[in-house]
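Here come two complexes built around chain A, the first alongside chain B, the second alongside chain C.
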Partner chain A sequence: MAEIRRESPVDFGVRSLETEVRSDWPVALAYDAEGDGPWVVDLSHKTRWDLQDGQVGELTPAGQSVPATPGMSVLADGILINRMNRTQTSIYHLGSDAPDLPDHPGFTDVTEATIFLALFGPHALHIAEKLSNLDLGDPNKEAPFLLQGPFCHVPCQIVTLEKDAEDGTNGAGGFVLTCSRGYAQSMVHAILDAGAEFGLRPAGEQRFAQWLAALSS
Partner chain B sequence: MALTLTCPVCGKRNGYEFRYGGEDKGPRPAEEGMTPSAWCDYVHMNKCTAGVQKEWWFHRDGCGAWFTTYRDTVANLEVDAPEVTE
Partner chain C sequence: MNRLNQLPTLRIDPAEKRTLSYRGKSLPGVAGDTVATALFANGVRIFARSLKYHRPRGLYSLDGECANTMMDVDSIPNVRTENTLLKNGMVVKEQNVKGSAEFDWMGFIDKFDWMMPAGFYYHTMHKPAAVWPHAMKQIRKAAGLGEISPDYVMRGRFDELFLKADVTVVGGGAAGMRAALAAAEGGLRVVLLEARPHLGGCFDYRVSDNGDGTPLYQRARELAEQVAATTNIRVFTHAPLVGTYSNNLITAHQVGSDSDSFTERYIEIRSESIVVATGCIERPLLFDNNERPGVMQVGCAHRLARTYGILPGKQAVFAVGHDLGLEAAIDLFDLGLKIGCVADIREDGQNPDLLMALADRAIPVLKGWVAAKAHGKTVTKVTLTTVEGTVKRDFDCDLLVASAGLTPVTGPFIMAQAKMGYDNHTGYFLPTELPERMFPAGRLTGVGDPRAIEASGRLAGLQAAAACGVSLNGELDAAKAATAALPGPERGCKLVTAPVKGRKSFICFDEDATIKSVKQAIDKGFDVPELVKRFAGVGLGPGQGGIPGHNLPLFVAKYTASSATPKPTTLRPPLVPTFIATYAGAHHHMFKRTPLHKSQKAAGGVFRNIGVWKRARYFSDDFDCREEILNVRGNVGMLDGSTLGKFRIHGPDALKALQRVYVSDMSKVKEGRIKYSAMCNDDGCVIDDGVVVKRGENDYYFTTSTGRAGATVEWIRYHTRFDGWDFHLVNLTDAMGVINLSGPNARKVLAKVTDADLSSEAFPFSGYREITVGGSIPARAMRLGFVGELSYELHVAASYMQAVWDLLEEAGAEFGIRNFGVEAQNVLRMEKCHIILGQESEQRTNLLDVGLGFLWDRTKSACKTVGAVALRQAEKDPNRFKLVGIRMEDDDRPARDGALIVDTKVRGYVATMRKSFTTGEAVGMALVEKPLSDIGTRLEIFEDECNGVRLYARVVKMPFYDPNGERMKA
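Moving on to the complex of A and B:
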């Protein structure tokens, strides 16, 4: 039997402290000296689905309803559902397990087509301001919400999960973003470079899980 | 000034995020009584208006929506829909 090994195209250039293999993906759980934030976490192993249907608003992926308006997102039970346009929705499984792909022709598993990063903590939104003219902290929107457009000049889906964390730091909060897999190296390079002045550090999946748990509570 | 376009989902955005989809030529003509030359005209012939025309755009680097809007082709600026005068 052939052994399958999946590989995230994201490389932070530092060795992780602790790794586990999950569904053939090596997953970095923690890094040395993660610091007090902001953090960037590679979530490329987390299952992502695309769903297209003329009646997409009436479907219930993973048992949850699709937001009615494009640009709206809902986060429940570790599943983030983002309404992209009239006919299309993206579904990110942020928790540890994803169910099997539903038996409906509108679903496509896009996990291996894109990269998936989280950037959160103090000044996270200030880092984003250096890389995109999209307003991740839009005062007219309530998190979570979806933005679709260029980040580092690369077409991305960006979901602000928290836009004004009360940790005493202006610009604290966080978001996740996906873009085509081939941009991984330049994207990570640009993000780490833009975040250097704020002390941005790579962090493991555990750090993201803590943030997600805090958001959900 | 560079072209900006108003996506119905994302709002006003940089024109470079969009792909042009051609003049809006109205609904596809009926199959009934269609001649090859009439079809050829519908597909290939354009008005090439110097002024305000209705056209299709695709938000390629954004939400993926197709929509129509009006553009002044001389100034290369998006404009409001002209008032219908009949």
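Moving on to the complex of A and C:
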């Protein structure tokens, strides 16, 4: 009988060093020769929710408050909540486990709808500059913050989680990105191509977890 | 040629050798050379021939301001060799020559300039008009610049960069660097663009001091080090500005060096404020043969020596109108150039220190004199004259350094829609009204004193920072005071042309336009610069008006004795030539793949672009898809239908929103049932169709066509924007894959992978069930019949799609299950006369035309259905198109999709037609005018390239297959 397994839309074209199967998802934990960064990590298996409600600002998904202003994000306990507009919020579960979808009718599990990539490390924002005119290093915004717009001409949600602490000009930092699942391979190809000059390498979930832990500490 | 290898100003590395190939010979160069300087160092003086008269042309500006040194480099024509850094192994050729640049057989045309006055083409070759096509071919053979092979493949890596900046400084000279440093003090993000491969501008090659004893070149390097050490300044060298646009959008391109990852890249900057410190170029001096090889501008001669270590000649004459000319004469003399004479156009106003230095070197200075004529194919002699033309003297020389004065590089201002005016003191065209948050700095403001140049840069940088909201606490006032305390704008030379008739005085080198041709244009009534520019072709060449840009309006004003203030002609992007490949950038092909893309490809899928998706259209070399079709009709097949649009709509007013956009009464959607309906636009034209299912209270799941998926959310929001309804939409197009399992054995196959009751009673046609596949995978199953057979459409989470597909494939193996692609689906549904919007419809086709009027519920009143008003009108219109079934008279010759139905006029078109393997007939659907829609009507069909032979078909009943739908309802 055919194997019941889920497939990530992302394929970096290299075999992972260590993999774990989680809820039918094969999750790459580490890759060979991940290098010193920048890194790109496939997080497509991480649970994402869409929450829409006329009173979305008053809701507390997974016990967290929804940011008051569109474009603002909050990261706490491994949950990233991004206020998209007056009525809509996206919720990314960046930790290893996600709770069940709440009973509130405004929630939709959209994990399958998009790819979910993290791009971080030295020059991460310089790579983004080659692919998007969105200002991921906007000095007037405090990370994390949400941008919605084209990345390599594809509509995306991008959340800057970190930008260079001093002046934002050395390109260090990182962000997570979602876009329509169908664009996965085109997007990965474009990102790896743009990042080649900076030594961009695929990395496993462990690398992302370390970065996330450092951000949260 | 021996280089001046020890100069501290050099930008070459004599130790690092380069070679290029020219006329079959390998010529040496060094790192830092441009192609042009390497050729010049090897004795090349004539680089190319001119566009029209095939006159010899040589080095003139060193900044690519004209086409003089455009050559074919590595098979790319029109390369500005002055701006192109030499790379090892480059192959360089002359262009637009018959023979060689030194001896061009077409050079005789220069003698016939009298036959080609201004507007020559306009009034010579159109009478009789029949002459023109022949004349045009001959002219194109004789004139023009380089040619590119149609087979040429652009090599290199092209990239893009989208920057955000608080302050962008255009120009990396002393003023630009000071501006960048000042703006960066407040912590702002600063971008500095410099067209040359290094910072320094007019300081970079000069050894005169800046007022405190520091040589200018050294000062430039100090500033460059400060800039490099300032982390919030990003410097882009060899990055000329291409355009400035409203809202401070700037575009540039950057040429990559050997160590860069790109050949050339497009840069787009959105900047809060801009400092323009582009400096000045030299205003060409107009005299006879003023573009001969051997005539060059002051900066060109000076930089050849100081930047590239090449003495520009042996024996020189200078004819200049500014102090930089005197400074260059002194410095070049000290480097070994013999100077016969310096003719200074100005009677007075020279820097006395410079006059003294010239006297110390026994270089004669003729004040109020100007060059009147250069002699020789390359300069061998020059005639000087007083500016009044009363006295003349000849000097032997191989170099004539000529420049009327300086003129600011105002392209960035003009493109940004600044208002320009003429400043009588400096003789410059300067902005009189600047766009918001744009600030000028440096030499282009008229200042020449090095300290004033720097001070103006700092002031502009602070102003730009203040415009970004930085609080400067009196620094701005201090900078203004410092600037005011230094020498202000200098008086400029006003002379435009030497006292000559101008038959061979070239105002535009690129287009071979002379003073005489400008006069001819004016005499014909084209008496403003913008008209002269077009009629006489002045400034229309690849130099983008760099050479004639300022002389033309000045000359027109003088010749017409106009009292109006002269204004520069308009410039448009690209300000400098930019490869189309650079604009294209990395050009990543962004397209969507379905979750089954890999396995479809492995199964032999032949993919085609369908909207934003790649879809498997065929699964064999047989593009008629006979086996795929017959397998569905007789057995069972699987189609990847994942590209369908899929949406969730929920909330208390979800039903109202559905009622608004769908033509049917959506309140009749029952749980466990599918409702097929369509959407129209306000004109009643059908734009989409799909199915809707109800999954819970105020919770619906619906599909759209592939092409409409991207627009659906906005469409529904737009049409409910004034209602304040409480509903929400989620686009699940990519979240759910779709497998269409079709054929008489479909139920048997599906039954092997699910425990759900699939009997027709439990799961009838038009039913909807949520089932489990493979024991654990949830699937939304719909009984549909698009291809006219028993069919299940399984909507499955995208990540499980491959697993479900594999399960079905395994289960169907005993039945001979196989893939079918989009083309097979197209034929199958055509046989059933199920329409595809976009194929059986076009922009003007309404719901009624395609026979979907039965979907329209005229009675629902709670919500105004989009398109209903127009449909009411259309229902009474007897002249609309109607979708009909047609069969060819010759069953072996189906008409092509899109073929026209004609009599004396176009009466319709064939939407889809194929030879049906099921019926053996060539059948299809066509949209025809109503009078032609009766059964049995004979239709005449016109196809492209039919050579007058028409095809014939007759209107027949629809559908062509299983008219009672027994198979799909089985």
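Everything below uses one rule, namely that the second predicted complex is superposed on the first by the 208 of 217 C-alpha atoms of A that agree within 3 Å, B and C clash if a C-alpha of one lies under 4 Å from a C-alpha of the other, contacts with A are read in each partner's own complex, and residues count from 1 in each chain.
Just so it is clear, contacts are C-beta pairs under 8 Å (C-beta built on N, C-alpha and C of every residue); 3 or more make two chains touch, one makes a residue touch a chain.
Quick caveat: nothing in here was measured; it's all calculated off a predicted structure.
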item: Comparing the two partners chain B and chain C, which touches a greater set of residues in chain A; value: C
item: Touched partner set for A:Pro70, first chain B, second chain C, both or neither; value: first
item: Which superposed partner A:Gly13 touches (first chain B, second chain C, both, neither); value: neither
item: First (chain B), second (chain C), both or neither touched by A:Asn85; value: first
item: Touched partner set for A:Gly149, first chain B, second chain C, both or neither; value: first
item: Chain B and chain C contact sites that coincide on chain A, given as residue numbers; value: 88, 133
item: Sites on chain B touched by chain A in the complex; value: 9-10, 13-14, 17, 59-65
item: Sites on chain A touched by chain C in the complex; value: 1-9, 24-25, 44, 50, 52-54, 87-88, 105-106, 108, 110-114, 129-133, 135, 137-139, 152-154, 166-170, 180-187, 189-190, 193-194, 196-197
item: Contact set on chain C toward chain A in their complex; value: 159-164, 187, 189, 231-232, 234, 261-262, 268, 270, 586, 588-595, 597, 612-613, 648, 650-651, 696, 698-699, 726, 728, 730-736, 774-777, 797-803, 806-807, 809-810
item: Complex contacts: residues of chain A adjacent to chain B; value: 70-71, 84-86, 88, 133, 147-150, 155
